[in-house]
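What follows is a single structure, and I will ask about it in a moment.
First chain written, first letter: the chains are A, B, C, D, E and F, and each begins at residue 1.
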Amino acid sequence: MKFTKNVSPDDRKMLNSIFWRSFTVFASRAGATKAHAPGFMYSILPAIDRYYKNDPKGQTEALERETTWYNITQNVGTFVMGLVASMEKKNSQDPDFDANSIVALKTSLMGPLSGIGDSIFWGVLRVIAAGIGISLASQGSVLGPILFLVIYNVPSILTRYYLTYIGFTLGDTFIEDMYESGSMKLLNKAASTLGLMMIGSMTATMVTFKSTLAIPIAGGKPIEIQTYLDQLWQGLVPLAVTLGCYWLLSKKVNVNWILLGVLALAIVLGLVGIV
Amino acid sequence: MKFTKNVSPDDRKMLNSIFWRSFTVFASRAGATKAHAPGFMYSILPAIDRYYKNDPKGQTEALERETTWYNITQNVGTFVMGLVASMEKKNSQDPDFDANSIVALKTSLMGPLSGIGDSIFWGVLRVIAAGIGISLASQGSVLGPILFLVIYNVPSILTRYYLTYIGFTLGDTFIEDMYESGSMKLLNKAASTLGLMMIGSMTATMVTFKSTLAIPIAGGKPIEIQTYLDQLWQGLVPLAVTLGCYWLLSKKVNVNWILLGVLALAIVLGLVGIV
Amino acid sequence: MKFTKNVSPDDRKMLNSIFWRSFTVFASRAGATKAHAPGFMYSILPAIDRYYKNDPKGQTEALERETTWYNITQNVGTFVMGLVASMEKKNSQDPDFDANSIVALKTSLMGPLSGIGDSIFWGVLRVIAAGIGISLASQGSVLGPILFLVIYNVPSILTRYYLTYIGFTLGDTFIEDMYESGSMKLLNKAASTLGLMMIGSMTATMVTFKSTLAIPIAGGKPIEIQTYLDQLWQGLVPLAVTLGCYWLLSKKVNVNWILLGVLALAIVLGLVGIV
Amino acid sequence: MLKTAILAALCVFICFGGNWLWGQTMIERPLVVGLVTGLVFGDVREGVMMGAALGAVDIGGALSAEPVTATVLATTFSIILNVNTKAALALAVPIGVFAAFISMFLKNIVMNVFAPLVDKVAATNNQKGLVRLHFGMWFLNYFLFSLVTFFSVLAGAKPVQQLVNEIPKNLMAGLSATGGLLPAVGFAILMRMLWSKQLSPYYFLGFILAAYMKLPSVAVAAVGIIIVVIQWMRDKQLMALENNQKELAAGEVKNHIDNQNNESEQEEEDFFS
Amino acid sequence: MLKTAILAALCVFICFGGNWLWGQTMIERPLVVGLVTGLVFGDVREGVMMGAALGAVDIGGALSAEPVTATVLATTFSIILNVNTKAALALAVPIGVFAAFISMFLKNIVMNVFAPLVDKVAATNNQKGLVRLHFGMWFLNYFLFSLVTFFSVLAGAKPVQQLVNEIPKNLMAGLSATGGLLPAVGFAILMRMLWSKQLSPYYFLGFILAAYMKLPSVAVAAVGIIIVVIQWMRDKQLMALENNQKELAAGEVKNHIDNQNNESEQEEEDFFS
Amino acid sequence: MLKTAILAALCVFICFGGNWLWGQTMIERPLVVGLVTGLVFGDVREGVMMGAALGAVDIGGALSAEPVTATVLATTFSIILNVNTKAALALAVPIGVFAAFISMFLKNIVMNVFAPLVDKVAATNNQKGLVRLHFGMWFLNYFLFSLVTFFSVLAGAKPVQQLVNEIPKNLMAGLSATGGLLPAVGFAILMRMLWSKQLSPYYFLGFILAAYMKLPSVAVAAVGIIIVVIQWMRDKQLMALENNQKELAAGEVKNHIDNQNNESEQEEEDFFS
């Protein structure tokens, strides 16, 4: 593959290490607010250690950047890991680099990459593999589960491998180009714009709330509150809660209190019968 | 409430007067083209008289501005009244103020405020009140209607009251800010843009036309003309009639002739069996 | 009609000739990639010969411009012919004219004009005519087919005639205005923007592909591949094929090879049971 | 029967007119109308129960009949004619459907004749006239409307129904259509005030968002605000450029040069990030 | 039977070919085709009634059979074989379905071989060639198509149906798919002429509006026009700024300064309101 | 029974934990889980067939039960208690539904307590701590989860079901709701990093595209890219203008004038076409 060839031996070592670590990316899950951030951090460590070798402050900053919510179909997530590695490289070399764009780009890629990844791997590939596997297994043959695993995993792991390299190589070229044309400011604006749009769309689809409250009417059918909420504004509660959390964060409220608050809110809503 | 506190005694007197008059806002209805304009004019009179005290020309102009179509859920409409009061205040003080923005802003608020207001008051609150009221009344108890009225009206009237003040206060601050940053021109552009978008959307939803004409086919099912009209352009007739009226108005045709024309058109379409 | 009056005798002669030739516009059909281009070229010849009288190079270029995919409901297509005639006129007179806008404008008009034209002529008019004709014919009367032809063709041919003139006249004025205000560059940008949007929308609706492949599941309902393709990206295959063709063209690959390639691709997909 | 008719019409006038005269306080809901009519005809319990019966049907506006007229007539028939609830409703509801049409017709079409007067009092700053007009229209509208109930009680339910059935269908359809088309004139007047060649595309955008993308008006407004904010920032950026240019042209270059540079750099920071 | 077959094929050629040669005048509708076939075979009444029967079925294009072939065959069978209408239709319609496929195949795929010739006559400004090509293609297409009818009559309906059933399904599916994919090449050619890096986003916007928001092409065009108008005004504003800048740079400041200021002020008035 | 319970819990730990520890290699699918459990309990054939039965039901995630727990329990019951497949499934699947809830609850809510630790190891650049935390969380989560299976086997299916039924419905609903609302905090943290007044409209645009226009995230991303590209080109154009202006202001006019003119002309060419 062209993509794996033009990489220096040292980068190659680093990328291979990221590739192997990426298998554990979903091992831990730090709750609903960070999701798989620790896995991402663990996977990307080789890049951080390499590019900020004798720079503990750089390492700390890089690690802190990566503590945010992370979740991408893992077989394609290595693309983002490669990309982030290339951006950390640039950031370590150039003091003017806007490190925020790393988070912006990562964030804007989550939704679309998972959409595509989940369709291909969970939708198509796994179903094909299962179809074949079940046919054999239902006759009691051990070949069923084995074939299932092989059919599913061979393309998955190849994808995981090559995307690590592709993310790194593409990112490298792209960022170099931006630099030369002096458009880093615009790149950051673009990444942030896209990132915010994707968070907006994730707020609408991944923060969920549905009131089951219904007002019984003597001699009529009950009135469902959710209907009127939707009429006011689709996804009103998720949007309000998200903006509320944002507002509290910007008022320097400790994130743990916010978490506790949301938890308490949800449980109370449950206890009083609203959800 | 913070919003009611920072208001001068004179403004407070005026706002209270607007609040009381607002109860009659829907008393009259001047046909489909002006709807509740007279009620709005009557309600806003205290502001007009106050800010254009010895300026009959100013009063006339302000009144004329308000003769356009008006319709907002009345319990939230006081927000707009307060806002308009604050804009008339500015307009009376500053010759550079673009009075058109008053109409623009009012217009752009109608759709969304009514959407929200109708959902909350007619959708949720009234239904809750009725549910409770009917349960009692169906046993013949007079408490039914009385509780219904209390449950519905207490929150409604409080909303009406506070929104009068909120509209005024918010408007005041906002417009002052615009002035200081010298952005009045942009404010007018923004208000007009929004106003035109909302009129466009209201043209689509509130001007209605549906042809019932169907061409019978010997040995087949009839062809409904409305289907083909929708295929050409959704809401073709409402859009065409609205643009036609606008064109006639811009050709200085008297509005009464236009009204008569639309009336005649609709009746003729009915008589010949098109609607 | 105002539109036919202000035209010089020579232009009138040319437009009449275009009008008559336009009847044959759909006689030939040069496959799926050019559709009715030859008919359009044949119809527009009078304009080309007139405006590039002693300029064979101009004629050649004009003809080459018109070899692209053409398809518009023919009764309204004369509008575009008139318009193109007026633009070729300008192009022959002014070396600065951007001839690309001719193709851009033509392309952007195809979708909407056919949408409107097909609705009116095939949807409404033909159905009315057929309704009346069939009623009579089902009793064996020759009047049935005859009335059908008359009712359908009289308005169709009148439309065809006047639109030839309207396209020419409107185009002439419009282009003259653009010139005077020095906005030709912007006109070209606008026409190309619109043209690209329409090609994009035509790619989505007129290039079609549907896989019938379904993976049978032992003891479950089959998995339809098309569902997952749509989940990945609506119209993925049409878009990919179109962009692929574009890419090949831009690599100077001969268009005939591309055609063959697409043909082969489709047949192979069929033989292996994917479509 | 005349007295009964007058009393019934009065109930309609009080409940319907009163509701709209004073804050839409919902005294026009069947529940309350039943109570009032019961009080007037001396059988509160029957009135309240009739109101509850109709109220349960009408929740959420499911009834195509005008509820005030329907409730008053049903209660009157039930108390005066002594028929049972079901029968009273069967007589009253069809007249209520007709009344709904009359109400729409009065408000949207008949009341149009006063539209020019509204413009006139405004143009002459005739504030007393405005007050008189406002409340005069109110009285006229609800007085005329009460007549439906008056004549229904006077003539008895059956003949009224027959009369209604005899109105030609085409005419009714035409009259209904006016209600749908007349708002066009109101919007055209608004457009006259806001329209400009520059902004006209946004009118059509609003139309498309509602007609084709089926967005409700809150969503159209949200899209509008998004557009307006983005546009605003671009405009500000361009204004800054223009102002700089003017200053340059005016030769004020020398004095302001440093400030400007700093300023515009800062603005750039703002706009491009 | 040869004469009958030739006559039937002629009817198809006249009606189908004639319709597309001359203005889509609808002489290909069953109503007219029935009349023509009736005239040719000497039973106008039967022809007209068969046309009416098929026409009623096909209104709005409900028939998946190619109507000219279906009508000609049905009428021929009915007049010549003397079977009744129902039986004639039962024989003719399945062949019409096959004919619909053949017609699509001829127009979209076979006729592709002439596409290069179109480019060639254009490149050599060979106008006579163009005319010959145009009408030659017409003749070939409809002549070939008439053969379906010719052989159907000649061989008799039954054997033809059998033959059709024997074509492998996969092959047919593949051939059908070509018709769906080939327009891609045409659009790619158009894109070559209009594409620019700057404008490419609009191609995808058009695609999304149609594919995801399900807008019909008139609505896409309307959205396009709205975008283009807004873009245009912004571009004009920027052009004015650029031109001013160039004049400033060229040192023409002194002479034009007043005019410019006025002008740009006016423009500002225009653009920001 | 203790040994059986431990072995069953081990199967869950290996299959479920192993799957997420190592690359989601699908060793948590019923097919594989059945094989593993079969191996552990010495009846591979039964295990594989149970896996196939549950796998066919669960294809595409149709099962609301957590499949690992359901498969392990069903296989265990079937091999140990010697009941038939149907009965084993009837016992196992309801517990699987409860397990699905527990899994969600552990991952989304309980594991939240470690979120601050993640920030802490990052802030102190404690890489060893990160590794320990990462794998520690993994172990804890899947260990706790295995207990569901452990106790289910130990206590027997029936009593467990009863226990589950006794949890108040309101509490369950509230706990479920937390899973829906907690991601809000995660998104808020991301917004803190990207938000700027200038760009905030795009957050709401993304929301509307998903909530009102029902665009899937790939399409929102495509619209976003289109917007970003168009915005970029405008920004570049304005930057060029600003830079020219600054140079003009700096009095560098004389030297660069020619180059600039050429340059900006070229740019114009680019931007306006």
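In this text, a contact is a pair of C-beta atoms (placed from the backbone, for glycine too) under 8 Å apart; a residue touches a chain by one contact, two chains touch by 3 or more.
Listed by chain with UniProt protein names: A, B, C = PTS system transporter.
This structure is a prediction, so every number in the text was calculated from the model and none was measured.
In this structure, the chain pairs A-B and C-F differ in their number of contacting C-beta pairs, and the larger number is found at A-B. Comparing B-D with the candidates A-F or C-F, the pair whose contacts agree for more than half of the residue-numbered pairs is A-F. Under half of the residue numbers found at the subunit E and subunit F interface occur in both copies, marking it as a different-residue contact. The geometric centre of subunit D is 48 Å away from that of subunit F, both derived from CA atoms.
Centre-to-centre spacing of subunit C (PTS system transporter) and subunit E amounts to 8 Å, using the average Cα coordinate of each chain. Counting only residues that touch two or more partner chains, subunit B (PTS system transporter) has 115-116, 127, 130-131, 134, 138, 186, 189, 192, 217-219, 223, 231-232, 234. Within subunit D, residues 52, 56, 59-60, 196, 200, 202, 204-205, 208, 212-213, 215-216, 218-219, 223, 225, 234-235, 238-239, 241, 245, 248, 272-273 each touch two or more of the remaining chains. By the touch criterion given at the top, residues 20-27, 29, 31-32, 34-35, 44-45, 48-49, 51-53, 55-56, 59-61, 107-116, 118-119, 121-125, 127, 130-131, 133-138, 141, 170-196, 199-200, 202-212, 215-218, 220-221, 223-225, 227-228, 231-232, 235-236, 239 of subunit D touch subunit B (PTS system transporter) in their complex.
Of all the residues in subunit A (PTS system transporter), the ones that touch subunit C (PTS system transporter) in their complex are 115-116, 119-120, 123-124, 127-128, 130-131, 134-135, 138. Interface residues of subunit B (PTS system transporter), counted against subunit D in their complex, comprise 22-24, 26-35, 37-39, 41-42, 45, 49, 56, 59-60, 63-64, 66-69, 74-75, 100, 103-104, 107-108, 111-112, 114-116, 122, 126-127, 129-131, 133-134, 137-138, 140-142, 144-145, 148-149, 152-153, 156-157, 160, 183, 186, 189-190, 192-210, 212, 234-235, 238-239, 241-246, 248-250, 255-256, 258-259, 262-263, 265-273, 275. Touching subunit C (PTS system transporter) in their complex are the following residues of subunit B (PTS system transporter): 215-219, 223, 225, 228, 231-232. Of all the residues in subunit F, the ones that touch subunit D in their complex are 196, 198, 200-202, 204-205, 208, 212-213, 234-235, 238-239, 241-242, 245-246, 248-251.
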